[in-house]
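The same subunit A turns up in both complexes below, where it pairs with subunit B and then with subunit C.
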Partner chain A sequence: MKTAHNIKRSVSLYSFQEEYFLRKMTLEDLIAVTQKLDIPGVEVIPDQMIPGYPELSDDFVKQWHGWMEKYERTPVCMDMFLDWNKFKGRVMTEDERVESIAKDIVNANKLGCKVIRVIHDVEPQILERLAPAAEKYGVTLALEIHAPSYYDSPHEQRLMEMFQRVQSPYLGFTLDLGVFVKRLPRVITERFLRDGMKKEIVEYLADGYEKGTLPRSSELGKPNTGLMDKVLEMGGSEEDARKAMIGAHMIYADPQLMLEYLPYTYHIHAKFYEMLPDYTEYSIPYEEIVPLLIKGGYNGYLSSEYEGNRWIQDAFEVDSVEQVRRHQVMLKRLLGEE
Partner chain B sequence: MEESRHVTGVGLRRPQPKERELLCAEAIRPSVHEGQLGYLLRIRLPSYRSLPLSCIERIEVKIDGRGVDPEGMRLFLGGHSHRLDELASLSKIFWWILDHADLFVPWAEPLEQGEHEVAAVMVTVEPYMTGGRFPMYYTSRRRLPVAGED
Partner chain C sequence: MFDKYMIVGEEFRNVKEGGRITGFQLGVRLPYYRGVVLSLVGDMELIVDGEKIPAEKMTVTVGGKTLPVTELENEPVAKWEFGEVGIVKVDKPGGLAPGEHTLELRQHMKISYVPGGFWGKDKKTLVLAE
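Let's turn to the complex of A and B:
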């Protein structure tokens, strides 16, 4: 079935962090893999894979574009962090925050990326101050909506007010599809068991999550003390409680609400935890989500972002390349590319 | 059995792959720093992204159960040596995640040949988190041989 849409596929090289960290694959190897897997777009976290960042040497920039040409790939998105707390004893001033992101804008432009994934907590007034620089360098600042926040969360609503007032095509959102986790990833519940969490607690978390009965935290950065207390009450350790909070720090938001906000969405992290051999994702209902993205007229990249690695690395050899391959096969099918 | 399908117990507990750890597998190397006898330990930053040195809160080392004086410890990274109490001010020097560092630990009497139990803890902060200086603990324990003097 051929469906009319303009959604493109990419991969965040973050997906391959295990092989990269263990020095099994170099940055060039990863770019070569994206060609082998027929993924047109490349997304990068420069703090992870570019030595010396935030400084970008001319030699590196030349090599980067050389790789893009050699492997016929397109740079799509650069993921920035704002190191708010890097100074001991004080947080960054507003001017320092603006300056740090302004440098990222110049760097993204050098790398040929048209979008910057902006880390969640950056305030509307900072982005507004950066709109002229973003426009000058042709780089869109797309703040990442990440579970447990969604379009209707307070910070996102404050950003929407600003986006509507400023009306700049260089300001908007990145959406992380981790907001649509329908059931807890099996890689997480299995890890809890391997780490010695009681089976009753793991079942409570998995079943309670799916039924929507677990205590929740409303916004990113707020600890879910209700859930932690419950785990302790069930005889779990402090460690179990902390793990439960991190592992169950997920949401299944209303996918329909996305339609209203897709015009403000410039990039999507197609998050996944476990691709099964039948090319479906265990916990995120891509079969429901992708048709809605098409319906809503989304026209940016869907960028595979594998995050199961950290949950299985204690017991299994991580095969990120196979996981990304399966994920892209699924995306092609749902986008009607075959 | 619908309710238990999440929880299958697949996967046996295996040892954590050591390559991910703070302490690398390299032997303990005898060294002298500013006239002080000691040893070098090879370490990595077990984070998924590079960090400025100002985000290292603490490094502690024990050899055969005996603690090392942090005053005399030095972090060697990219050809420079840093006292641990200087790290807090080094917000412009980044430790890239693929780079090794060497940690000099002052140790007056020679370690016997053979393996020694080395335990290390490094505490970093995740600087992008706005809720405070959120600590990350990297603990590592290895039996490491002493390299012959060359």
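Let's turn to the complex of A and C:
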């Protein structure tokens, strides 16, 4: 049954970072994989896989489009960073920040990407100043909402205020579905065990996270000493206590709230940590989330973003391609593409 | 994120210049998920057989460019690419003795959206290549 919606599938090449880092696969290999896995859209982090970025040679741009043609894929999103601390002894001025992102806009246009994932800490007035450039190049600036923030966090609310005032279709959000971690990823708790954390502490963390009973800080950015103290009290080491904080940085936000903000959402990172053999994700309830995206009229890309490699690489061979394959099978099912 | 891959054993050997052993070298990858300009590469703490190597005794070669480790903070353009193996050379006349050595590396990454940045660390026992 085909459900009426206009959501498209893509993959962030970030998902294959383990294989690329170890030079087991090249950028072209990865684009070829997207074709093999029947994923129409491609998202790229140029700082990760395009050496020399932000300089893009004409030869590279030509090669990039050649690959897109050869493998019949569509460039979708380019992920940018703003290294405002890169000059010794000072932070970038506002003008320098605007200039840096303006260059990204030109670059995204060269790569054929219609959306830029903007790093989370960019200020609203900077995006506002860039709206005309974004419009000129046909590139939407979509600031990423990432756990532990959500649509209703202070920075996001300041952005909303600006979006509503400016009313530009070239300014909005990217949503990372890591805001919907319902239970702690198993790949993380198992890693804790392998690293020597006591079983009682790991169980306390997993159980407390799921039930929402872990000591939490009420404000973002404030140290959550309650959880660390508890881990130490249970006989954990200082390192265990630091690791336990991962449970304080992950969140399960209210999916219903998303409906209100989807009109301002232009891109989605479909984050995942572990795809099981039955094509479900261990920690994020895609079965609940995708129908809401359809209901809310989201019409951008759902971009697979695998982030399990760092938790298993100590003990297992990472197979990002298989993980992405399973994730896309799940997305197809939930989008009614079967 | 990529801590276990930071120290690259294949590049671990004594360095000969003008017929004399002037020091030793090892391969290093950064623990971060993207390439960064060199000024974002923070303190590099290298401990060999329990002895900390002073920063001023080290140079790093990436992308065909060699800089003293103490000068990285002044380079906001040249990059250390994602997964790129940089060569760190340590000035130590006579080099290291043949055989096994324990190398520990702690690398600070000055990533602006992470308050205080973060550290990657790796420890490997390697045999010095002939």
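In this text, the second predicted complex is superposed on the first by the 326 of 338 C-alpha atoms of A that agree within 3 Å, B and C clash if a C-alpha of one lies under 4 Å from a C-alpha of the other, contacts with A are read in each partner's own complex, and residues count from 1 in each chain.
Heads up, the rule we're going with is that a contact is a pair of C-beta atoms (placed from the backbone, for glycine too) under 8 Å apart; a residue touches a chain by one contact, two chains touch by 3 or more.
No experiment lies behind these values; they were computed from the predicted model shown.
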Simultaneous placement of subunit C and subunit B on subunit A, clash or fit: clash
Subunit B versus subunit C as contact partner of A:Met275, first or second or both or neither: neither
Touched partner set for A:Val290, first subunit B, second subunit C, both or neither: neither
Subunit A: partner with more touched residues, subunit B or subunit C: B
Which superposed partner A:Arg186 touches (first subunit B, second subunit C, both, neither): first
Partner chain(s) touched by A:Arg194 [first = subunit B, second = subunit C, both, neither]: first
Which superposed partner A:Asp207 touches (first subunit B, second subunit C, both, neither): first
Touching partner for A:Met25 - first (subunit B), second (subunit C), both, neither: neither
Touching both subunit C and subunit B, counted on subunit A across the two superposed complexes: 14, 17, 20-23, 45, 47-48, 51-53, 81-88, 119, 121, 221, 313-314
List of subunit C residues in touch with subunit A within their complex: 1-2, 4-5, 29, 33-37, 39-40, 73-74, 76, 79, 81-83, 110, 112-113, 115
Contact set on subunit A toward subunit B in their complex: 14, 17, 20-23, 45, 47-48, 51-53, 81-88, 91, 119, 121, 183-184, 186, 189-190, 193-194, 199, 202-203, 206-207, 221, 312-316
Subunit B to subunit A touching residues, read off their complex: 3-4, 6-14, 16-17, 19-20, 48-50, 52, 54-55, 88-89, 91, 94, 96-99, 125-134
Sites on subunit A touched by subunit C in the complex: 14, 17, 20-23, 45, 47-49, 51-53, 81-88, 119-121, 221, 310, 313-314
